[in-house]
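Every chain is named by a letter (A, B, C, D and E) in the order it is written, and numbering of its residues begins at 1.
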Amino acid sequence: MADFDLVLVLPATALAAFALLTLLFAPLFRGQGRALGGVGLLGIAVSAAATARLWPAAGAGARIATAGGMVRVDAFGLFFTLVLLAIGALTVVASFRFLEREQADHGEFYALVLLALAGMVVMVQTTHLLMVLVGLEVFSLALYVLTGLTRGRARSVESALKYFLLGAFSSGFFVYGLALLYGAAGSLDLVRIGAAAASDPSPMLWIGAGLVLVGLAFKIGVVPFHHWIPDVYQGAPTNVAAFMATATKTAAFAVLLRFLVGAFGPSHEAWAPLVTWLSILTMTVANLVALAQTNVKRLLAYSSVGHAGYLMIALVCRPEDGVRAILFYLVSYAFMTLGAFLCAAAVGRGDARSEPGYDLGSWAGLGWRRKGLGVAMSLFLFSLAGIPPTAGFLGKYVIFQSAMRSHEYLLAVVGVLNAVVAAGYYLRVVVAIWMREPETEEEPYPVPVSLAAVLVAAAAGVLVLGLVPGPLLDLLGRLAAGLV
Amino acid sequence: MEAIAFYVLAVLAVASAIVVIVHRNPVMSALALAVNLVTIAGFYLVLRAQFVALLQVIVYAGAILVLIVFVIMLLNLREELKARSPGTFQKWLGPILALVFAVVLGRAMLAHAAPSFPAPVPGFGTAAALGIDLFSRFYYPFEVVSLLLVVAMVGAVLLAKRRL
Amino acid sequence: MTVSDLVFDVIVSLVKIGAVIAVLFTVVSIMTWVERRLSGLIQFRWGPNRVGPLGLFQPIADGVKFLMKEEIVPAEAHKPAYVLAPAMALVPALCAFAVIPFGPTVEAFGRKVPFAIVDIDGGILFAFAASSLGVFAIITAGWASRNKYALMGGLRSSAQMISYELALALSVIGVLLVSGTLRPMAIVERQAGWFWNWNAFAGGWQILGFLVFMIAGFAETNRAPFDLPEAESELVAGYHTEYSSMKFAMFFMSEYINMTTSAAMAVTLFLGGWQLGFPVPFSGWPLWALQVAAFWAKVGALLLFFVWVRWTLPRFRYDHLMNLGWKGLFPLSLANVMLTAVLAALGWVRR
Amino acid sequence: MLKLIALIPLLPLLGVAVNGLWGARISRRAVGLVACGVVLASLLLSAGAVWELANLPPGERHTEVSIGTWLPLGEAAGVSRPLRIDWGFALDPISAVMILVVCGVGFLIHVYATGYMAHEEGFARFFTYMNLFVSMMLTLVLGSNLLVMFVGWEGVGLCSYLLIGFFYDRPFDERTGMSCADAGRKAFLTNRIGDFAFLIGVLYLATTFGTFGFREIAEAVAHGGHGGALLAGVGILLFIGACGKSAQIPLYVWLPDAMAGPTPVSALIHAATMVTAGVYMVTRMSALYAAAPAAMAVVAAVGAMTAIFAATMGVTATDIKKVLAYSTVSQLGYMFAAAGVGAYVAAMFHLMTHAFFKALLFLAAGSVIHGLAGEQDIRRMGGLREKMPATFRTFVVAALAIAGIVPLAGFFSKDEILWGAWASGNRGVWLVLATTAGVTAFYMWRLAFLVFYGKFRGDGHAWEHAHESPRSMTVPLIVLAALSVVGGWIGIPKVLTGSVDLNFFHRWLAPAVAGPGAHGAGEAAAHGAGTEVGLMALSLAIALAGIGLAFLVYRRKEGSADRLAVAFGPAYRTLRNLYWVDELYDAAVIRPFYALSRGFAAFDRIVVDGLVNAAGVGADITGQVVKLFQTGYVRNYALVFLAGAVAVLLYLASL
Amino acid sequence: MEPRLVLAVSAVLFTLGVLGVLLRRGAITILMSVELMLNAANLAFIAFSRQAGTAEGQIYVFFVMTLAAAEAAVGLAIVIALFRLKGTTDVDEVSLLKW
């Protein structure tokens, strides 16, 4: 344990420690989940502080391997850590009142969110696939449980089951892929795998890589591995769906970048066509199906699949453009998707059997009854649709730009076309919010302060990133180098 | 002698796996799985990975499978019904795809396999060899994997406990 | 390895296996008698005293009875599973004993011959692995009988298994920590010298581990006060309600064998195994004969303890059982591990 | 004040903030004051800035202000030139014209709207949107690079959508069951289709030239070295974007439906400003187009086609605002045709004069609608000149202006376009545009006659209630009428004034645009003044003929019918003869003409609209079908997963 | 003593596990099929480990086993929750969420 340095692994460790603390306090605070949420928030803050402390060294370009090469501290990973922590913090705060309303105010919720975050942090801060596997499973298991958190609801439990079965199925593929990679490269270290790919790309290495890719594609929600997403996002408690939609994709993309662009970067020519077609398929299918949705959560779920497609465009671009585009897009995606889902959480009304509150119909005229909520949701939707000057527009712009620069014209055209289609369904929600007569007499729920604060923060993120993306883009430009 | 053991184990493993996925009664599936797990442990043993072989029996057969059987009995599950609605094309397409999958997988793997295993290095597969590696190079994942167990524990309680 | 080595190994192994099986079955038959006599003693009654002097031939009579009884297979039973279950009970029970050293390693015919069927590196784990398979027999029996009580018995058994195996395994960790090996023979060899060098005492300060091991061992073998899977007053006879004749006998025997294995494990791990516990001035075959005797004496004592407990303590209620397992033994065994680790780190245990 | 041009688009945002946040709590008067005030402030600031600009020597009339870096894309490796995009605003003669028009007409319409909307729900909301629109429009025209322009471009689209759907709860089109909200959505989506091409064009441009700045692009193009096909491709892509925004074939379908919005909105956005953004953009990129003749040809062809096509559809429309909407489409086609033949100055000129008279037409129409309590069908109007004299007079001015009667504004600008087409050798375009002029005069006066002359055809109750609009509405009408009269005088062609060059507009703008045809009007000398004057006279004659025809068909006939009822006797034969003439007209001209119009209308409704709708419905249906793959059965998901995995592995195995 | 045989068995077992997931209706049986898949992977790990002569592959197996245990625990808990709610573990009976 000569090379063990607690400081270097503190971001994940702090999360785990505070998660355990939360669990410890859970019996003392039955029915007062918020107190535990506070503990969780503190944990995220400590972790963020630890990450920030590492930043100067890593920001200067140093890449520190620690813990037997299992942890890689570099700016890339730290950046992802910060994004994940931000998502986690927003989720935690937004959940305070939401869980009370859903009668699922268990302190364990916060512990699980923290543990999931810890898993994700582990996953993004490594170049060793074993750590990826462990991190992936930690957060996946936590999310299976969180999905079924409102266990009295048929939809919640159903989605948990589906998520679990398909998730386990896909991790079977993932693990098998690891076995093959180990067999072909003699190690699960991405550095070694990359070396093997460059020197001796045996068929088994490719098949192994393909299986790992499939496993990651599942988490990201790439068509045709996306089927779980709509069902699970719809069935899960909405705050969990928000967390899942953003954090999972972010963490999985970090790994995908290290894996494809990092380790398999030199054989870009080989896998680029595959990713191209997956991307096209993903965008097109998701956006077309989203057009046919009437449930807001489901619609957002398909939208998130579609965004995975846009993100994959940048994967085939030249790394110096593409990586930055992905990172920027992920950040803006996190803000707008989190915001949109949490708006849905603020509105959603449902019981054990049905959830009419997420039906587009019951959103009719919402804007006039809850003005702030309506404005916020519209902003997020506009951003998702890619209308300037929001973050969503810039994100898409940066992606298409990098596609053009890499001469990926097909992808750029399909991407922009899809953005046109997508505007159709986002707009339908806006139309419902502002331009339809309310269908029910029921007053919408008041928006609790904590949730409102989160929405304001997300909206601010969307706008700030749209108006002054400069600093972030500058920063991200420096992260693209040296993924493994 | 080892070759015979290999073939016997191979036949047993595949046969029991087929029973797992074919038998309509979940308990029988579970028992077949137990056989399968033990034969896999047998494989490990023949491959000189003794420690892992023992772990295999203890963890898989002794813990995981018992848990599964326990739940099957707790829920008093009956024989599975014949597939209905989504079954028609699933029944045909599934095996075909699986076959293609197996062929692709098998070709790549067999192409890579060496003609024979090298002689085992001294200490291969012993608890000591494993332990030294585990606690020198792999101690961090070892620690992190404990989080996995925490999550599983909390999750199981949260989802399955009758009253929270 | 020459051919003569191989032949020698095979012969010696066969001899050892034969001997162990013979001893085990003998122990079982003796134990059936002891158990009943002792319970009689405890309860102020005679117990079996008609067949032979002091009823000593009772086991033989029982054996004959088992053989003569009618084999009944319930009409609704799942036949293959029903028939297989008793065998599934007996085989792992016998297997587990294979790694237990019942005497030292001796020189014979110019070769080292250990007094254990096999002397392998992960022996302790092997014992656990084998004993953990035993539960499948109970579960299968309970399920295949298509009988509510039997099913309940199987269910309870698996729950009990899951709950107590953890504590059992953890309680052993302490021993492993101080011994630094998984090989039973090595563990025993470490406990040489005076009896206070045994692991349960100053040899490893594992008295807590020993207690937890014993309690969990009761539960693992479904002995009272943890005999819920077959609780007569609740479940008729639990998982073997529907069994009769030799099939029942096999369950019966496997229970006693398990008990013996448990005791032997406890002796090996905590009570010095075949070590005498005091120095003797001689060596050679008299010594190892004495050591084998010592081992069996210790096992016998623990078996008596098993019986004594059974007839002394009332059966646990199901929830109490779970509480004891999860909230009592599990933390205790964990504490034991940590305590041992601290002791080991401070250098207070004998290495 | 040149340093403050960034404030011009920002000031209206202040109004957005005030009215958006507190609009519901302050009085309507205050809302109106704020809304008009900020636009007025922008107008004054613009005027000041333009004044300063005008005082500079012609070659230096360009100023750029940046308020910070927006996107630093450049520092990445592998890019030859660093690429950074600023929040930059630029003022030059072209944008000067635009900001004056936007702020000026915008201000008038804001004032008008305080009266028009006085009794509507959502007063503050309306003005919030309006101010937002003005702000976005100003961003569009002031942006110094394509991306800032794109922000405005999308922003105005968004506002347009919000405002079209303003009466979201009202049905709009009974035939299709379309609500106002649907109309808004249609507008937005059609626009997005254009924007898609636009964005691709922008990306391509930026990738090729490594810059987004208009000046830099112009310089780079002038530098040469880029393939003509590339420039043509980019030009066409950008033009498709313009087609969406400026309602050209085939993306014009949204504009008639956009009339679902309140009338001031139609006046401001769908006549005077937003829809001209495409023309502005093409002019702005004149350097690019000048180097890409093929793209110019496309622009000219599409413009001319749209001009005639939309004009004929205006003939049969019965909704007062739809007539004007088609007219707008047609006039935009005019402008594009001008730009396409290189007469950018003429295009901008027409853009400006059109803003005056079309806004006026809409406002007048709004006044009529307001006076008739919401009636929009011209078949139920008539004789309103008695009830609404001010509206009537201003409408007539506007109708004359759009018909191109000398010396009103429309005459000069339209003529410059026609001359540009002729002079640049595009005789076909000229022919189409000249015909369009006649048709325009015809349907515009048809409208005038049907609405203001003759007898009222609605029910008596409505007639009783018909009234002139309040001062806040009529004053802007009068101002705009004045502008429609004099607006053209700053661009009087040199040929009419002899040695004195009164064509201020041309002198102002010509240096700012590029291309061979930029000096279209100035080339009069080359072709001979006689031709130009002759053509002018010809177009005037065509316009008069159109008006005359309208008079015959809609005025005389109606009047004759009246007289016929009174005096059935001696005059019978004459009348009958007259009727016979009418019949002849009917058979030989009117009927085929109407048939053609109806045909076009049907084509529009069924084919074009159908295609647009079909694309939407098609996507929707595809979605409905594809979503069935999401069966809800987890095993099916696993199967699809496996299929995907097999596909991936097969691909990788083939490596 | 052929690596090919072990790897072939591993591939076959994995495929059988996949098939089990595709063809079975009982949630628990599907879970068992997944265990089959993981086991197949473990077998491959061990075979490669033996081929390389290092302990690394065995260590991966150790982690995969832990993972399998954790997955089983959570999965069974979900199945129990589902059973409480619907009285079935048949995955074809849970299809509220679709399209």
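Note that in this section a residue touches a chain if its C-beta (ideal position, glycine included) is under 8 Å from a C-beta of that chain, and two chains touch if they have at least 3 such contacts.
Keep in mind it's a predicted model, so treat the numbers as computed, not measured.
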item	value
Chain labels contacting chain B and also chain E	A, D
Lowest number of touching-chain links that must be crossed from chain D to chain E	1
Of A-D and B-D, pair with higher C-beta contact tally	A-D
Chain separated most widely from chain D, comparing mean CA positions	C
Closest chain to global C-alpha mean, per-chain Cα centroids	A
Chain centre separation in whole Å, for chain B relative to chain A (CA means)	31
Separation of chain A from chain D, taking each centre as the mean of its C-alpha atoms, in whole Å	43
Gap in Å, rounded to a whole number, between the CA centres of chain C and chain B	28
Overlap residues in chain D, where contacts from two or more other chains coincide	627, 630-636, 638-639, 642-643, 645, 649, 653
Overlap residues in chain B, where contacts from two or more other chains coincide	51, 55, 63, 67, 74, 85-86, 90, 94, 98, 101, 104-105, 107-109, 138, 141, 145, 148, 151-152, 155, 157-159
Chain E, residues touching no fewer than two other chains	10, 14, 17-18, 21-25, 31, 42, 44, 47, 51, 56, 63, 67, 70-71, 74, 77-79, 81, 91-92, 94-99
Chain-chain contacts as defined at top	A-B, A-D, A-E, B-C, B-D, B-E, D-E
Residues of chain A that touch chain E when the two form their complex	130, 133-134, 137, 141, 144-145, 148, 151-152, 154-155, 157-162, 164-165, 168-169, 171-173, 175-176, 178-180, 182-183, 186-188, 230-231, 234-235, 292
Contact footprint of chain A on chain D as seen in their complex	68-73, 75-79, 147, 150-151, 154-155, 158, 161-162, 165, 168-169, 179-182, 184-185, 188-189, 192-193, 195-196, 199-200, 203-204, 206-207, 616, 619-620, 622-624, 626-627, 629-630, 632, 634, 636-638, 640-641, 643-645, 648-649, 651-653, 655
Complex contacts: residues of chain E adjacent to chain B	1-20, 22-26, 28-29, 31-33, 35-36, 39, 42-44, 46-47, 49-51, 53-56, 58-59, 61-63, 65-74, 76-81, 83, 89-90, 92
Contact set on chain B toward chain C in their complex	25, 27-28, 31, 34, 38, 41, 50-51, 54-55, 57-58, 61-63, 65-67, 69-70, 73-74, 76, 126-128
List of chain E residues in touch with chain A within their complex	10, 14, 17-18, 21, 27, 30-31, 34, 37-38, 40-42, 44-45, 47-48, 51-52, 56-57, 60, 63-64, 67, 70-71, 74-75, 77-79, 81-82, 85-86, 91, 94-99
